[in-house]
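Each remark here refers to the structure printed beneath this line.
To keep things simple, chains are lettered A, B, C and D as they appear, and every chain counts its residues starting from 1.
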Amino acid sequence: MLSLSIPEHVEPIRQKVLNFIEQEIYPVEAELLADKVSSRRGELMKGLMQKAKDQGLWALGHPEEIGGGGLPFMDYVFVNEVVGRSEIATVALGTHSLQDSIMLHRYANDKWRNKYLEPLVAGEVFPSFGMTEPAVASSDPTQLQTKAELEGDEWVINGRKWFTSGAGNAAYTTAMVRTEFDVPDHSAFSMIVVPTDTPGYNIIRDVKVMGQADGHYEVAYDNVRVPKENLLGPRGQGFKIAQDRLGPGRIFHCMRWLGQAQRAFDLMCDRANNRVAFGKNLGEHQQIQKFIFDTAAEIQASRLLTLHAAQKIDQGDEARIEIGLIKVFGAKMLHNSIDRAIQVHGALGVTEDTPLERMYRHARYARIYDGADEVHVMTTAKRILRVYNDGAKFDFGLR
Amino acid sequence: MLSLSIPEHVEPIRQKVLNFIEQEIYPVEAELLADKVSSRRGELMKGLMQKAKDQGLWALGHPEEIGGGGLPFMDYVFVNEVVGRSEIATVALGTHSLQDSIMLHRYANDKWRNKYLEPLVAGEVFPSFGMTEPAVASSDPTQLQTKAELEGDEWVINGRKWFTSGAGNAAYTTAMVRTEFDVPDHSAFSMIVVPTDTPGYNIIRDVKVMGQADGHYEVAYDNVRVPKENLLGPRGQGFKIAQDRLGPGRIFHCMRWLGQAQRAFDLMCDRANNRVAFGKNLGEHQQIQKFIFDTAAEIQASRLLTLHAAQKIDQGDEARIEIGLIKVFGAKMLHNSIDRAIQVHGALGVTEDTPLERMYRHARYARIYDGADEVHVMTTAKRILRVYNDGAKFDFGLR
Amino acid sequence: MLSLSIPEHVEPIRQKVLNFIEQEIYPVEAELLADKVSSRRGELMKGLMQKAKDQGLWALGHPEEIGGGGLPFMDYVFVNEVVGRSEIATVALGTHSLQDSIMLHRYANDKWRNKYLEPLVAGEVFPSFGMTEPAVASSDPTQLQTKAELEGDEWVINGRKWFTSGAGNAAYTTAMVRTEFDVPDHSAFSMIVVPTDTPGYNIIRDVKVMGQADGHYEVAYDNVRVPKENLLGPRGQGFKIAQDRLGPGRIFHCMRWLGQAQRAFDLMCDRANNRVAFGKNLGEHQQIQKFIFDTAAEIQASRLLTLHAAQKIDQGDEARIEIGLIKVFGAKMLHNSIDRAIQVHGALGVTEDTPLERMYRHARYARIYDGADEVHVMTTAKRILRVYNDGAKFDFGLR
Amino acid sequence: MLSLSIPEHVEPIRQKVLNFIEQEIYPVEAELLADKVSSRRGELMKGLMQKAKDQGLWALGHPEEIGGGGLPFMDYVFVNEVVGRSEIATVALGTHSLQDSIMLHRYANDKWRNKYLEPLVAGEVFPSFGMTEPAVASSDPTQLQTKAELEGDEWVINGRKWFTSGAGNAAYTTAMVRTEFDVPDHSAFSMIVVPTDTPGYNIIRDVKVMGQADGHYEVAYDNVRVPKENLLGPRGQGFKIAQDRLGPGRIFHCMRWLGQAQRAFDLMCDRANNRVAFGKNLGEHQQIQKFIFDTAAEIQASRLLTLHAAQKIDQGDEARIEIGLIKVFGAKMLHNSIDRAIQVHGALGVTEDTPLERMYRHARYARIYDGADEVHVMTTAKRILRVYNDGAKFDFGLR
């Protein structure tokens, strides 16, 4: 049975996380997000991480067996919306490593598991993930060009990737590379762990994205050699492992988008209640009321759609159609919510004096990363049509 | 706790209703909806009603105490989506009289309750409801002009109403009229039962709406005299009673809109799978895939929003904000779903050969009746802003 | 050089046409458009036609050599916007036969030209055009199934068409049929004149469209035999002739859509200035202001785009890209303008008491006839991309 | 008579400007726009300015009498679209000072005219304009708080402004301040010239906007004293002078937006023709075709609307309605064009490797500066409704 309300036992921890974000993170957020690397920055972040650990808020969704808080999936989904309020929170609360930790835990050999897993979960070392390449449209990942060839006991990797987020201070990158050459594309790619200090792993630049160097690195793989056993899982299973990672990952993304949107909504409503133009509060003008109305409807619709998809996943369903829907619907909701909040703030809304402009810029990638909207539209519609082709109807599974 | 899945015990009855609609109603629907009154029409409808009674599908949502099926509110909500597939179904299954029966049951004096209630629930007589007036914008109902003045033991009613749906074959009309003249507008209106054979109750015409005479009558009240006790409930409580009627009524509307939209979606997908243009099925063209994707997302979003609002009402909350959201969001979803289904059908889509064109025309009123969109936007946004003004945040009540 | 203002010498005739429509047509429009064939209807229409002739307003755009008013193309374009105000006007002013007259004049043999051309231009007989078929998606006309095979000196035609507008009282139908079977699809179709009294030309029904029987006939061709010389132009040139017809025809459509939209806009603004809700005129509410603003922008944008396309055609350019753009942009503008006008009228807007609801229903086909939107999007974008592929840029030809 | 084609005599100069931008500016644009002040930056810009002067492309639209190129208004409008391709071009070609030069020329006393005008037009000193204030919603400028009080022969100015663009390297700021205190708001403001080295003129910061410090300064006026004769024009005429400045200024803005949009469109089409996904060029996918189609229609519609407004202004009309329409319509077109171009570029589109991401960020302010969209919607709709209220119809002036 699907339940879309916040479970009672989740409320206290969700509230505690929200308090932490509002009281500990908001006051230092602007400083932590500023362009230039302040000397205080690393220190500040470490302080936040320690406080989160002290308050029992660290890595809440990681399995207990690898040192996490062990929140069940659905509980964590509800918490994750709140985490999304600030982009600082994912690192400050240790949730950033969830997917990489699980991938390592599940697929890595003992050596790497022993070496990286504990410090990864503890936030002492950072992971990174390398998939997107500048030379091909990543929306069709069968086109990826980076390849690894087995020479003796080593993989020799050549190619170029970008959007390897966090490569600059990561311990290793999990690289998605072609390892098979005579098989169908979907069985041709594998995941390989590449420590960032491996010779030939050359960071080209921190690509500026929407005006900011945020750690989306371009990395050249020039005859990078790593041991054969750095393979994650079996050869040719790269897409499968990526899918394992992406499914729940998209749920988490979508919940965090809701956190962003709700924050924008709160700011918009407060502004509408407190700023005057033409003799009355902005909120008494119907055009502003329309913004508030539409945003409320889109946020709540998106939230319910996301929770529904989450529950299907929690019940063991892959929920491909539902995830396709929320990826696109949610990214649009995210943009619209922030966009309208900016408009209600007028000139202030585009300045550094509110978090909105940065949220707006970030929201733009949401329609591209994890699969461009257009790809989700195509594949999701095809899945739906297949249901009808089989003589059934698609009832969106309210069961 | 909110649960948005179809309860297991509701599935069988919901399926039975769906089967009835697909097998009994669809084959005769076009004939029943055609313009001209065929001689077979009344007979056909009576046959359907009897079949529904025989199969235990009659008046499922009416309270047992007044002769109905007694389905609890939330169960009935799920059934109601299916009822919405065909506009014929509401009458054929006896759900059309639900709100009027309850109003009569709750507020009428014994005389009228005894006279009308039983045949009303049984579908032997028909109710009608008179609120909208041609002379004023009904979106602001404080402007309504029809008035009733007490002369001795009788109300004398004068005015003109239209969109008194079904007046042509109704036993009576519940008229919303001004009875108080020295009080604030919101306490100035009352509901009065007016048998349609009362002298002075003059049907002017069956106003054609979107090209069809569908029973939206214009009625002149020329010194209509009815006994004092025809008042429903206390004097001046008209708006309160209307609100009691409208709240759950809007949930039912929205669920039936979902039924319409789902039917359009099913037709669209089947067409996309079976019609060829430019060498492949329509469904293989991305513009059509976009239609399917967007429609799926909007239907499912609307369904979840409506179920959420329903559950809040079921828990005793008035859910004014939630109802405002679904009224507007749902009406748009309804239009969009049918509109896209028509487009995928091409020229066929605007002809009488599918139910889509009629559904399309009907969908246009959805943005007007029960309060124009613009009014819901205004009042709902104000309610939301009030929450913030009180220092709280609006979290859409996922509890 | 492109000029987008109404030429001074066109103003008087344009104004005269507008006056005729407002003073002669509006008062009888509702009666002429009503469902049932009133006995007065034919008479009324004949009266209007005679008046138009008497006032020198008849067939203004037809070439002088075939008995028309001889207005140059661009002058007629400006007049045509005004003609569009009422769908009655095209017939009452004799503009309805323009494209068929020209086609006959240009391509028919002497026999048919002598027989039909004069009474056609004079409005004494009516043409019809048969292209769309129920069995295939007409958006891809290479799929059309109706075929004509030469047996001796006669074409033998078999197939089924619908949307043969006006077939019910037409003298003849120009049928688009496959005559060639071993050539590429685009050279396989021809136009053949079929008198409606030819044996085997069987009218099946007047297909109801958007709730109304408006003369979109379904016609079966059952071994219809017509003389060889009924061919219009050379064999296999059907698409070319259709294109000749469609290019300027789409300009005329788009201008008439502007007439419809402007009428809706005028009605909307008058209503906004004269109806009160919540203590002030509708026009003082920002949501209504937004409707007015958006409609003004869309109408004017559409008008300028259409005039630009018209001038390119006038200069001998086929203007395929420009025509593709206005077909889709204009149809959307048309819908939006009428839709918003309805909303501002509230319940009144969906009734027969204003022309809006009928305009709304008609507007729905605009996205389908003369090529579904989706086809124009596809072909127009391809044309634009071809320009870039050739190393040029597309500057929309402001020359 | 309105003519919307590029006049023949304008083509060569327009083409020359375009060549300059493509050949001289594009190659150094990224460097000039980069965040950090490179040592080469000032030098590079000076080099471009000199080259533009050498090629006769400097200050083309400034009146000849003040040392400009003397292009007539409409000619300059067409050139200005091309200037808009790169934000560097306005300064490199000397067009940036047009409005301030004219204001100075028209309203300043001899002292300032002699001191600033020549070097201003020559690009040797820079102007700035101070209107927006952080403390009030500038969309309603009657709320501005900065005031100047006459003490003896000096104005004493106090207040705080931001978005004083370019204040950091400007010679002076024209400040809009309240000088009258007992008159209606619209006659209460004046323009005063404030040299930036005046004591009390304190630059607080270069406010970061959409992630970048682009010269939108916050400036405190702490008892700033300037001579009485620094007043521009008569006392209380601030709004009138601002309006003189804004009307044509908005035309220039809108034309430059078209330049931006056309550049995005060119990039999008080239990408669509050259990037492969799922086995074919992006441009062969219908979702991408839809982007191209919609963008083409919106750009061309916006261009024609803007040219129409420009011509009305050129004919002496204030064209308030037309300017209101293009401000909002154009800003949306600008966003949509860039947004779709980004989407077609995928991940590349949000990086620094194309100009698109910066254009996207800039486009966001277009809906706020020079009056928020919502204000234009309100005032423009009111103007339209006034026409109808006077018994006329609004025909958008195609004369």
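Here is the rule we go by: a contact is a pair of C-beta atoms (placed from the backbone, for glycine too) under 8 Å apart; a residue touches a chain by one contact, two chains touch by 3 or more.
Note that the structure is a prediction, hence the values are computed from the model and not measured.
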- Which listed pair, A-C, C-D or B-C, shares over half of the residue-numbered contact pairs seen at B-D? A-C
- Message: Quick check: more C-beta contact pairs at A-C or at A-B?
- Response: A-B
- Taking shared numbers over all numbers used, above half giving same and below half different, the chain A and chain D interface sides are same
- Distance-wise, how many Å sit between the C-alpha centres of chain A and chain B, to the nearest whole number? 43
- In whole angstrom, what separates the CA-based centres of chain A and chain D? 38
- Query: Could you state the distance in Å from the CA-based centre of chain A to that of chain C?
  - Reply: 52
- Note on the structure: Where chain C touches two or more other chains at once, the residues are 285-288, 290, 374, 377-378
- Please give the residue numbers of chain C that touch chain B in the complex, ascending. 35, 132, 134, 136-140, 143, 162-163, 207-212, 216, 275-278, 282, 285, 287-288, 342-343, 346-353, 357-358, 360-361, 364-365, 367-369, 372-374, 377-378
- Can you list the chain D residues touching chain B in their complex? 285-287, 290
- Query: Touching chain C in the complex: which residues of chain D?
  - Reply: 1-7, 262, 265-266, 269-270, 272-273, 283, 286, 288-290, 292-293, 296-297, 299-305, 308, 321, 324-325, 328-329, 374, 376-378, 380-382, 384-385, 387-389, 393-396, 398-399
